[in-house]
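Note that subunit A is present in both complexes that follow, paired respectively with subunit B and with subunit C.
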Partner chain A sequence: MNRNTGFIGWFLDPKRRGPLLIAPAIILLLLVNIVPLMWSLGLSFFKFRANQMKPPSFSWFYNYEKMLTKENIWESLQTTGIVVASSVFIQMILGFALAMLFAKKFPLRRIILMLVLTPMMLSYVAVGIFFKLFYEPEFGLLSQFIQIFTGEMYVLLATPAGALLGVIVADAWQWTPFVMLLSLAGLVSVPKYLYEAAEIDRISWWRQFTTITFPYVRSLLLLAVLFRTIETFKIFDLVYILTNGGPGTATETIAVLVYRMAFQYFRTSNSTALGYILIFIVIVLTSLYLYVIKKRESADI
Partner chain B sequence: MRKRAIGEAGWGWTTMAAIVGFIYFFPVLFMILTAFRSRMDTLATPPKWFFSPTLENFYHIFYRSTAGSTEYFATGFHMYFFNSIYIAGVSVLLALIIGTLAAYGFSRYPLRGNDTYLFIILTTRMLPPIIVIIPIFLIFRLTGLAGSYTGIILLYTCFNLPFSIWMMKSFFDELNTEIEDAARMDGSSERSVFFGICIPQVKAGLAATSVFALILTWNEFLFALLLTGKGTRTMPNAMARTIGGEINVDYGLLAAMICFFLVPILLITYVLQNQLLRGVTFGTIKK
Partner chain C sequence: MIKSLKNFLLVALATLMLVFGTTKIAFSKTVEIVMAAPDWPPTRFMQEYFNTNFQQSGDNEIKLTLDFIPWGDFYTNVAASLTSGEQKYSMLVSDSQWLGAFIEGGYFQKLNKYIDADPELGAIFDDMHQGYKEGYTTYPYKSTNYYGFPQFPDNYVNFYRTDIFCNPDENAAFRAKYGKKLPCTYADWEIIVWDDIFDINAFLTRKKGDMMAGKPLDDDIYGMAYQAGKGYDFSSMQINGFFWQYGGDIWDESNQPNAQAEGVVNSDVNVKAFEKYLDLLGTMHPSHKTGNMDIFGIQALYLEGKIASMVNWVGLGAPVVDPKLSKVHDVTGYARQPGTMQDDGTISRWANLGGQPFVLTTWMTDDEIDAAFKIIKWWLDFDTQIAAVKAGGQSCMKSIIYSDGYNALAPWNAAYVASMDWQKDVWHIPEFFELLTQQQEEFDKAITGQKSAKDALDSIAAFQQEILEEAGRIQ
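For the complex of A and B:
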């Protein structure tokens, strides 16, 4: 079969076909992702500011120590935690409710489903602009609606709690369709005969839900929580457009904090150290996510 | 196929779903209306639901006048449109070619530690982009790649690569390998097995992967914010700059910019509904 000899023949040996196919991808990812990340890992052990000419000086774990003890990262982690927990919670409740609605066949289903799924496909910037207009104190719909009762202009994004709420609502609106899509996949995978048998045995609606429906959607709901937790943990664009972290540091999520640290104050090596603390968290969450996927796939077979 | 528990419902259910769908879609609808309102109508209180639609916002995307003067000048926005399309197009094409080859490799010739490779590849995509960008920003500044097409296309290719690999692998995994083995027995070369048998079967997958990658790239904001210059600025970035300060934001103009992209988005959401789940989970969940 293989008529090539020498180097090309060695290269095209069937044994090396797998490595050869994946090589371009691996090389590109190494060059553009992994090597820069290793470089910033190195940098996190130095003192370095990108806007100064001073060469980096080695400082062991100084950056990490500083990040974990002196900085406001706990405050920022707390803010991120609140956004993640409340946004994902709203998404799960609303998403599952919407999925129950769309788990039936009815006329025009595809078109109506399109309307609900659209927010997920929009850019964060667009969603940010929608809600900025909605929250606008002078002519925004929210403020005008509240004016009917109070007679005063309502500036949602001016108070810390209000700004946080504004970000959470916008994020939840955009990503509820995601949870709906996963729940829907679970709901339509339940075999019909189970419900038929339950009908014959006159099992109550609630018992049908807990013993038949829920076991089928449980793993997908767990995946939805994990996936949205990872994604919301990184929330940046929406905050940048809506509040830019303000007022003060009220909506300064961890990604916004790293951005400010690295590109506004040029505390480069400090930000890389903080970055590595985050990378650790994301890797743990991602492995958990893939573990659940694996388990679900093997359970299906 | 097992019989699925998807019940039938009539027009009553449609009405209910339509009301819910309308409420959910309302912010988008309001934006569409805003795009066709004149500036005075946008600022009106209470909001004007009935107004004479105007295309001035769409015109102002490309040509604007400074306050008070009647002289119109080009805003350079056609450049940002072009940049977004060009950068997204080239990087998705590259990622698709490299990613499909790798996905085929991962699917058909598993290596020792295959899952570990795939895990690392997915992780590079899951990491917070802000952390990936810090070293890249420094490197691009050193090598002069910042603000160039090459730099941002290279970065977006890598950004799309994990997605393409996982998506395409999920499509290759679904194929029946018996057909391929039969073709090999008949003496087909590996190349003709790949191009003649596998690729035609995953055409729909290739289309779905490229469309999702295009949307992800078009929507991407942070990399573009930090690594594009005046000549390579993309749409989301140009929009964010249009917002600028807190006062006097021209929402009509922003709405018009969003509307440009809304039609393809709606179309894609409608046509690719069955692939959407796979697309938004990077191919990790098929159904």
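For the complex of A and C:
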């Protein structure tokens, strides 16, 4: 039996096959993800603009301090908070209601379900353009409809509140089906015999809902809240296309502000610092949700 | 015998034509110039005209490839390409405001040594209209450091519906109501100031079904519209003109580090000018409230016959006269935009310079630089410029704009040329985009009624003061 010796033998040892096989993926991940991430983290401690020849100069936490003391950043975070809270709330209510509806059998259920799921399969850009045309004061459907009653064009995006509402409705329209899908998965997993037993015991609908239905879907709903909160926190495309952050800065979410800072103002190190502040917020939110889920699970046990 | 000789000569001639007609001039190599360009008619024309009319000369074959990028993404794409270091473009069309940002970044080639060494380039520079030369080529603004050549010069003109403004019944009704003439001819518009537009807009704002110029309207119509868009530089371009016409100013970058932003940007004169802009905007098409009444927005409204007049760039004029795109292609007149009456009875018409230069990048080889200058000379040559103007373009070369027959080449030329001496440019400094974006946001807050003119200008002035002090441009 001819066995390899030396380096080749060491390299081809069966003990190393596992690490060897996953090594390309790890290297790729390091190159395209971890290295740029570390690079940008480093940049956030320097003064640097990508469009200027000046070499970076070390500035400790100057960029973080600057970002956290800027009034417009807090305003932007507040706007993002309003969008996240409102949109996720609407998505949860409507998504769950739709799931309750589709959990029952009725004619053409599958086809209607497929149509209801369509918005979440569209790109943000397509949804943004669709709603921009929908809200358009001259020929948009919304304005045309309101014009029937008022005789005047209706310009939804002209006021801060209207523009925020426009963004929230568009985001909720696109992502309610996602919440519905998760809720539906929970609802169909509820054992039928529980409802049958409840029927025999003549338990009210509300009691059935609170003691049987909701506990089964609760963890999936929390997962939906987690996913949608993180995603909505990063909302960019929809806002950029629909309102460009306007009127004024009324709908300028934090992701839009980071984009402007990085690629329009070329405040590279400022934008990386702000990016890391955002990552920190998202990590805190995620941990909070996971903590809540874990606490409820242990309470259930 | 004669017949066979004739046949022989014909065959010989045909053979010669075949041989020499298909023989290409032997070039030592092909030099390709890739140029980033916004996707619109003036640049499309440049590519098409180059392909058919550029005369090759020298050892190298020159190929020009324009990379067309939609206007909305143009700055972002170009900035990303330059800062990434991919060195994709040898030349690019640049807005004049971008000069500082990309010169400081080391991407745009300084041209002085080439201009000094080449009398033909020197002659081109001498021939450029002074205001446009300062706007398109200099950094710092108004210095003698040159970086660009004009690709498409532009300024505002007033496009108006002659079927409405020249209608005798409308004129009579307007005179009866306001005691003055509804402007119809170029000469009539020459005495029109912004204050007159209040009456004109009130008179021409009508509902669907109302009569207009003897016909019932099939849609609502409004009077004049100008820019009020939150995107890019849309509102600023119009509002800066109001500041200058009222005797106010923007931060003066040519007077660094002494020029201040606070006290200038939010001066009483500027507040008054901005209030006038806002008051007049209130009489215009309601789409201004969306922040989308930008150059393309008002163009669409005008082409659809929903406004009676628009102040817009000449560069957007070609679709107006295109019957396939415009309902008003045969009923449009052209004049200078209105101005502001001064104490001495003259009308101030200051406006923000439009148009774009093209520039050379710093990584070009000697062959590419040589090819680029051949392209520039070809583009700014008399015949090419005339062809461009006929196709809807413009020129800022004095030998061309003041030549006989120039005003007859395009219907808006008279208004364009007459406006040329009234152009000033916005900042060329690297911080321009930050200043511009914040200014656009604050203008938009005032336009949408969230802030007063004074509060918006105070905020802009404070922001500019902070940014410019931080950059060492104000002491």
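The criterion applied here is as follows: the second predicted complex is superposed on the first by the 265 of 301 C-alpha atoms of A that agree within 3 Å, B and C clash if a C-alpha of one lies under 4 Å from a C-alpha of the other, contacts with A are read in each partner's own complex, and residues count from 1 in each chain.
The rule is simple: contacts are C-beta pairs under 8 Å (C-beta built on N, C-alpha and C of every residue); 3 or more make two chains touch, one makes a residue touch a chain.
As the structure is a computational prediction, the values presented were derived from the model and not from experiment.
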First (subunit B), second (subunit C), both or neither touched by A:155: second
Contacts of A:279 with subunit B and subunit C, given as first, second, both or neither: first
Which superposed partner A:165 touches (first subunit B, second subunit C, both, neither): neither
Partner chain(s) touched by A:266 [first = subunit B, second = subunit C, both, neither]: second
Partner, of subunit C and subunit B, that touches more residues belonging to subunit A: B
Partner chain(s) touched by A:222 [first = subunit B, second = subunit C, both, neither]: neither
First (subunit B), second (subunit C), both or neither touched by A:100: neither
First, second, both or neither for A:24, with subunit B first and subunit C second: first
First (subunit B), second (subunit C), both or neither touched by A:77: neither
Touched partner set for A:50, first subunit B, second subunit C, both or neither: both
Residues of subunit A at both interfaces, subunit B in one complex, subunit C in the other: 50, 138, 263
In the complex with subunit A, residue positions of subunit B that touch it: 2-11, 13-14, 16-18, 20-22, 24-25, 27-28, 30-31, 34, 42-47, 98-99, 101-102, 104-106, 108-111, 117, 119, 121-124, 126-132, 134-139, 141, 154-155, 157-158, 161-162, 165, 190, 215, 218-222, 226, 236, 239-240, 243, 249, 251, 254-255, 258, 261, 265-266, 268-270, 273, 276-277, 280-281, 284-285, 287
Subunit B-facing residues of subunit A, complex: 14, 17-22, 24-26, 28-29, 32-34, 36-37, 39-40, 43, 50, 98, 101-126, 129-134, 136, 138-139, 141, 144, 173, 178, 181-182, 185, 187-195, 220, 223, 227, 230, 233-234, 236-237, 240-241, 254-255, 258-259, 262-263, 268, 271-272, 275-276, 278-279, 282-283, 285-287, 289-290, 293
Footprint of subunit A on subunit C - complex, ascending: 75-76, 79-80, 82-83, 101-102, 104-106, 220, 230-231, 286-287, 289-291, 301, 306, 430-431, 433-434, 437, 441-442, 444-445, 447-451
Residues of subunit A defined as touching subunit C within the complex: 49-53, 137-138, 153, 155, 157-160, 243-250, 252, 260, 263-267
